[in-house]
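Below are two complexes that have chain A in common, paired first with chain B and then with chain C.
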Partner chain A sequence: MPLVEIQDLKVRFRQYGGTIEAVRKISFSLDAGESLGIVGESGSGKSVSCAALLRLLPATADVTAAKLMLDDVDVLSARKGDMERLRGRAAAMIFQDPMSAFDPVFTIGHQISETIRAHRTVTKSAALKEARELLERVEIKNAADVLAYYPHQLSGGMLQRAMIAMALSCRPKVLIADEPTTALDVTIQAQILQLIKKVQAEFGMALIMITHDLGVIAETVDRVLVMYNGEVMEEGPVAQIFDAPRHDYTKRLLASLHTKFEPSRGDADAAPALQLRGLSKSFRIRRRRGLFTEYGAFDAVRDVDITLPHNRIVAVVGESGSGKTTTGLMAMRLTEASAGEILVDGKDISSLSPEAMRPYRKQMQIVFQDSYSALDPMMTLTEIIAEPLVIHRIGTPRERTEKALAWLERVGLDRSFGSRYAHELSGGQRQRVAIARALILEPKILVADEPTSALDVTVKAQIITLLKDLQAELGLSMLFISHDLSTVKSLTDSVVVMYRGRVVEEAPTERIFADPRHPYTRALLDAVPATNPRDKRERSFLSAEEISAATPRMTVIQTGLAPHPDPQLVTIAPGHRVEAIVTA
Partner chain B sequence: MLGYILRRLVSVAVTFIVVSLIIFLMMHSIPGGPFDANDMPVSEAVRAKLMAQLGLDQPLYVQYFRYMWGVLHFDFGVPYQSPGETVLQLLSRAWVPSLVLGGLGVLIGAPLGILLGMAAALNRNSWIDYIASALATLGLTVPVFVTSMLLILIFAVWLNWLPASGWPDPERWILPVAAYAAIPLATYARYTRAAMLDTMSRQFVTVLRAKGLSERRIIFQHVLRNSAIPLVTVFLPMFIGTATGSIFVEAMFRVPGLGAYFVSSIEVRDYPLEMALMLMITFMYCIAYLLSDVVYALINPRIRIGGAE
Partner chain C sequence: MTDLPVDLPPPRTRGPIWFAWQRFRSNKAAVGGGIVLAILILMAIFAPLITPAPPEGQLFLTEALAFPSPAHWFGVDNLGRDFYTRIVYGARVSLSIGFIAAAFSVVIGIPLGALAGYFGGRTDWIIMRVIELFSVVPPLLAAMLLGTLTRGGYTTIVFIAALFGWVQVCLLVRAQVKAFREKEFVRAAQALGASSWYIIWRHLIPNSVSPIIVGFVLAIPLAMMLEASLSFLGIGVPPPTPTWGQMISEGIDYMFFYWHLALFPTAALAITVLATSLFGDGLRDALDPTLKGR
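Up next is the complex of A and B:
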């Protein structure tokens, strides 16, 4: 008797003016202890199916199925009380965003112990003791303290661990993980995935891993279900899906993992298109002391040097809080730098007046991560794309519209989209519009700030291809800001790794992947999920202490340079610099 | 927290001074005075004597500092309209009916509004929700003097169940309290419904369901606690707004309350009373907002326990 049995599940959402078919017809089963991956893009119905299994869908959902069984209970006909007993005990869930998965006004300890007490009659103190043991099992070191913490006092990675502890608290037979690492940094993602595998083995649970990321699938499961548009496209053992995909969609998904580009050809001798020299940003933080206010400084970016040659793509890679976005904004002078120079074609623009900046604004454009908030919802796409022309007083209204429509086509959208509004588009389409708007002035420099991180994998590959094509066509110099090393690998010419506001390593792309020297770069590379289940490997992480330490481990280098107690950026090969402590 | 309260008290003092200056200047910049010839036909000599007696012949800044010096000693002067008592005596006499009726209105209206809002949120898009929303909209849009007239018409004139006047006996309180309760009830019904729907749409509620918690526990412990945070902050300011009396309600029900004096003191240029009323209101609102912010911080761990590790 399988633990989960779903036959011909259909889910429809009633909404104003009709219904949406979220799940058209899916069937699958899961045995005790098995690991199943469900992979698909947003809107493919993968999360909805699992929510239906626990009857967690809102009242507007119509759920029908020939069979919907969880642990021998018919979910469709079970009474409310029976469902409540089933949830958490037969199947427990962990969710994408740990920050919003906890109730902000109760402590972690309260929320774990209340789960225990909802299913078993134990005293409060016994439940708290159990909660503490669970926190220890998910490798939270200061478990006793964490019990008394409120969710906002913990980082995303720690919260996701606590979430897993909470899910384990009723010894579920199956753990449903719904994009458990999508909101986390790469190094944290790798740790959480490893933890999930570990507790699955320890507790002898089955696992359903819902994700859009094939890398996560390759790392964690035995069997895979590929979903698209509410239907199952393909099902099979994980090795078969990766090595011998049968369905076109699966092939496209896999292809998006291995996009390859021609390297761009820049002129190494000419002055760089953009050069950042000693760029720093410190934010003033206010601290209240009784009646008085003290001011401290937080250094978001410290003394960063980045060179972007003409017609090249340079990646700035780092995790949240590394200062990469601030650096990009400062380079565009959208945030004022606290110190340092910004050289465009050799001319320092860091202190130009807004008037004097105007001609430079034309040459430098930016594409943001969140295309939804970057496009004015009250303007048509034509107006949005043509706006830079209006600002710089180029052409007549008719010419502007014509040019905007031409750019719509150039970024792969139909001209008929011109009269639409941003909310009518998908994320990928919106990002195309943002790219068209950035490039309509034919700038020389483009800063792309995580332009694909909010997109589905196949769409992401398309947008990257578009950016690369346009870069080559227009001879753009591009600063590509990303946290995703796998994207960077296929696209960029060189990589700058940022960590805690500093550049810790910089090298041509092949070199940084072949011979990373800084421990943080190694940790980042190590954390990238495998692109094939055969490449699964044990990982060595920077420990939590090292991650949180002000200065991570340094490579100690012996060179001809004068020894220095502070870490220095040392050139160890042409174009390869790494932060290290120089010893005699 | 203590430092925060102290800093806020300093800002209350500053607000107090600024507001007192503005009111004082506005009051005196309106042309005319309390003893204008058409209001009070007395001889020039008598008027001069009266003005001198009340200090109104002094330069404005002297008058201001004299008054504020008095205020510091809880001496708000003597009301021109009622020279037989001090402003403080008048306030403490007239405020009682306003406080009782308005205060009861809020204390009854707010909880009823919360219940109505909860019922609406828990039965979203059902007839309960529609009725609650209609009531809330009526309560907010129908002016209070219309509500009062309707209450009198229905319960005093047609049904003859209750007296039309609202003071002093407790059975006379019912109608004015009902009139006062309309706005807090409507406001709270709307706020509660919105806050609960907002909380219920948040992800952690799905997580609570997925953990196997009962619906009752989810609503009464988690949803209510989260929804209460915005509700707490509107209570005190609303209480003060209502418990200082409404000129309309008090006029309708012939309640000898504070409300009427807000208007009459301006009309007859009763400077001491007008200043006292305005300072009192300012002070109470300042304290109400201060307390609201403190309570908000206490029930919201994000504020109470600062930032992330």
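Up next is the complex of A and C:
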């Protein structure tokens, strides 16, 4: 008897004057202890199917199925009370955003013990004790302290661990993980995935992993269900899906994992297009202490040097909070730098007035991560793309419209889109429009701030291809800010690794992937999810202390630099610099 | 990699305005308020066509203070004027003061709200203190003072109503601008070298349309009430121009004997203010972006 059995599930959402079919006739089953991956892009109905299984859909949804069984209970006809018992005991869910899954006004310990007491009759202290054990099971070291913490006091990764502990508290038979690592950094993602697999084995649970990331699938599951547009495209063991995909969509999905590009042909001798010298940013923090206010400084970026040669793509990688986005914004002069120089073609622009900046604004542009807020909802696409021409007073209105439409085509959208508004487009299409707006003035420098991290895999590959094509055509110099190392590996010429506001390593792309020297770079590379289930491996993770303890040490003779207690960047090969402590 | 059909025209999806209209339509009270308001506006515009007598003509002196009858639907007032005619013409004063004052509120409120929201810091501080100044002074008291000093009149009332009406519009616009200035399309415009004025004018104000509409509609009943109160106290629009406030004030003297003189203008004022408020509330709920019905 399978644990979960779904046959001919259909979900429809009623909307003003019509219905939208979210899931059309899907069937699958899951045995105890098995792990199943559901992969598909956003809107493919993967989350909706699992929400239907727990009857968590809003009242506007019509659910029909020939069979919808969870742990021998018919979900469609179960009473409300039975359903409540079923959730948690039979199946528990963990979500993408752990921050909104916890109630901000109660402590973690309170919330976990409440869940335990809702399902079993135990005393408060026994429940708290159990909560503490659960936190220890999910590898939270200071479990006793964490019990008394409020959600905002924990990082995203820690919260996701606490979320898993809460899901485990009812001893579910199935754990449904809905994009559990999408909001997390690569290093944290790898840790959470490893943890999910570990607790699955320990508790003997079945697992449903919902994700759009094939890497996550390759790492965690035995069997895969590929969904597209509310239907199951393909189902099979994970090895078969990766090695011998049958359906076109699956093939496309896999192809997007292995995109390769020609390296860009830069001119090594010419002066760099953009040079950041000793760029720093510190924020002033105000702290109240009694009647007095104290001022402290938080260094978001410390003394960063980055060189972007003409017609090259340089990646800036690092986890969130490493200062990579701030560096990009400072380079564009959208955030004022606290210190340092920004050289464009050898001229320092860091202290130019807005008026004097105008000619430089034409030469450098930026594409943002969130394509939803990057386009003005009140403007048509033509108006959005033509905006740079309006601001710089180029051409007549007719010429501007014509040029905008030409660019619309150039980024792969039909001319008929010109009169539409941004809300009518998908995420990938919006990002194309944002790229058209950034490039219509034909700038020399483009800062791409995680332009693909909010997109689905197949769309991501298309956008990257588009960026690369345009880069080669226009001879752009591009600063590519990203935490996605597989894209970085295929797209960029050299890589700058940032960690806690500093550059810790810098090298040509091939070299950094072949021979990483800094412990943080190694940790980052190690965390990249496998692109094939056969490459699955056990990982070891380093804490911040371990990383700083493992900082390379070099002698004065090796480097020719004066000894210093603080780590400094040392050149160890042409174009390869790494942060090391120089000792006598 | 294979070339994918990326430029499939997506199905034309419904815009936010369509959803706003759907939300508005499902709000019965607001639709009712809107219909009543539309009828009142039409009545005010076509007043000469639907009334039997000129509003200031004392044509029925012999029937002064007559009760409602088929000939005089709302009766005749103490000076022999057809009361129905006077009520209809009163709508002209009330509604025109309401709309003009609301328009001025918007004209003052938008730039101040946009400046406070966009620049923040000192500009915001100064504008917020001015707003506080206006919110601690009771409007009626200040209006009475100003009204007495300037001997009342139509323009004075519009001026006073706008003076106290812009605060709400300003706060609404400020909140919207503050929320939108952090959006990345504003950042993108800055990266293109756009000036602050350009960003405010091209991006932030168009995106504040819904709070502006709401602020405008909700400023109307406030101005109408202010006009009625001042006219009631005798420092508003001077007679013989028919206004509801004046009529209520006169009707009170006869209330115990000739009930119609107080009842009809009060009812007219109440219905108009209620209809406008319901319509405004409905608009606010329909245009509220947090309720996007998807």
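Here is the rule we go by: the second predicted complex is superposed on the first by the 567 of 584 C-alpha atoms of A that agree within 3 Å, B and C clash if a C-alpha of one lies under 4 Å from a C-alpha of the other, contacts with A are read in each partner's own complex, and residues count from 1 in each chain.
Quick note on the criterion: a contact is a pair of C-beta atoms (placed from the backbone, for glycine too) under 8 Å apart; a residue touches a chain by one contact, two chains touch by 3 or more.
Please read these numbers as outputs of a predicted model, since none were measured by experiment.
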{"item": "Partner chain(s) touched by A:249 [first = chain B, second = chain C, both, neither]", "value": "neither"}
{"item": "Partner chain in contact with A:105 - chain B first, chain C second, else both or neither", "value": "first"}
{"item": "First (chain B), second (chain C), both or neither touched by A:85", "value": "first"}
{"item": "Chain B versus chain C as contact partner of A:376, first or second or both or neither", "value": "second"}
{"item": "Touched partner set for A:407, first chain B, second chain C, both or neither", "value": "neither"}
{"item": "Touched partner set for A:387, first chain B, second chain C, both or neither", "value": "second"}
{"item": "Contacts of A:520 with chain B and chain C, given as first, second, both or neither", "value": "neither"}
{"item": "Chain touching more of chain A, residue-wise (chain B, chain C)", "value": "C"}
{"item": "Chain B and chain C footprints on chain A, overlapping residues", "value": "none"}
{"item": "Residues of chain C that touch chain A when the two form their complex", "value": "1-2, 4, 6-7, 9-10, 12-16, 19, 22, 183-185, 187-195, 198, 202-203, 206-207, 209, 293-294"}
{"item": "Chain B - residues contacting chain A, complex", "value": "3-4, 6-7, 10, 202-204, 206-215, 217, 222, 225-226, 229, 299-302, 305, 307-309"}
{"item": "Chain A - residues contacting chain B, complex", "value": "51, 54, 56, 80-81, 84-89, 92-93, 95, 97, 100-106, 114-115, 118-119, 150, 152-155, 166, 170, 288-291"}
{"item": "Residue numbers on chain A that touch chain C, as the complex places them", "value": "15-16, 252, 255-256, 259, 332, 334, 354, 357-358, 361-362, 364-366, 368, 370, 373-379, 384, 387-388, 391-392, 412-414, 416-417, 421, 423-426, 428-429, 432, 434, 437-438, 441, 458, 461-462, 465"}
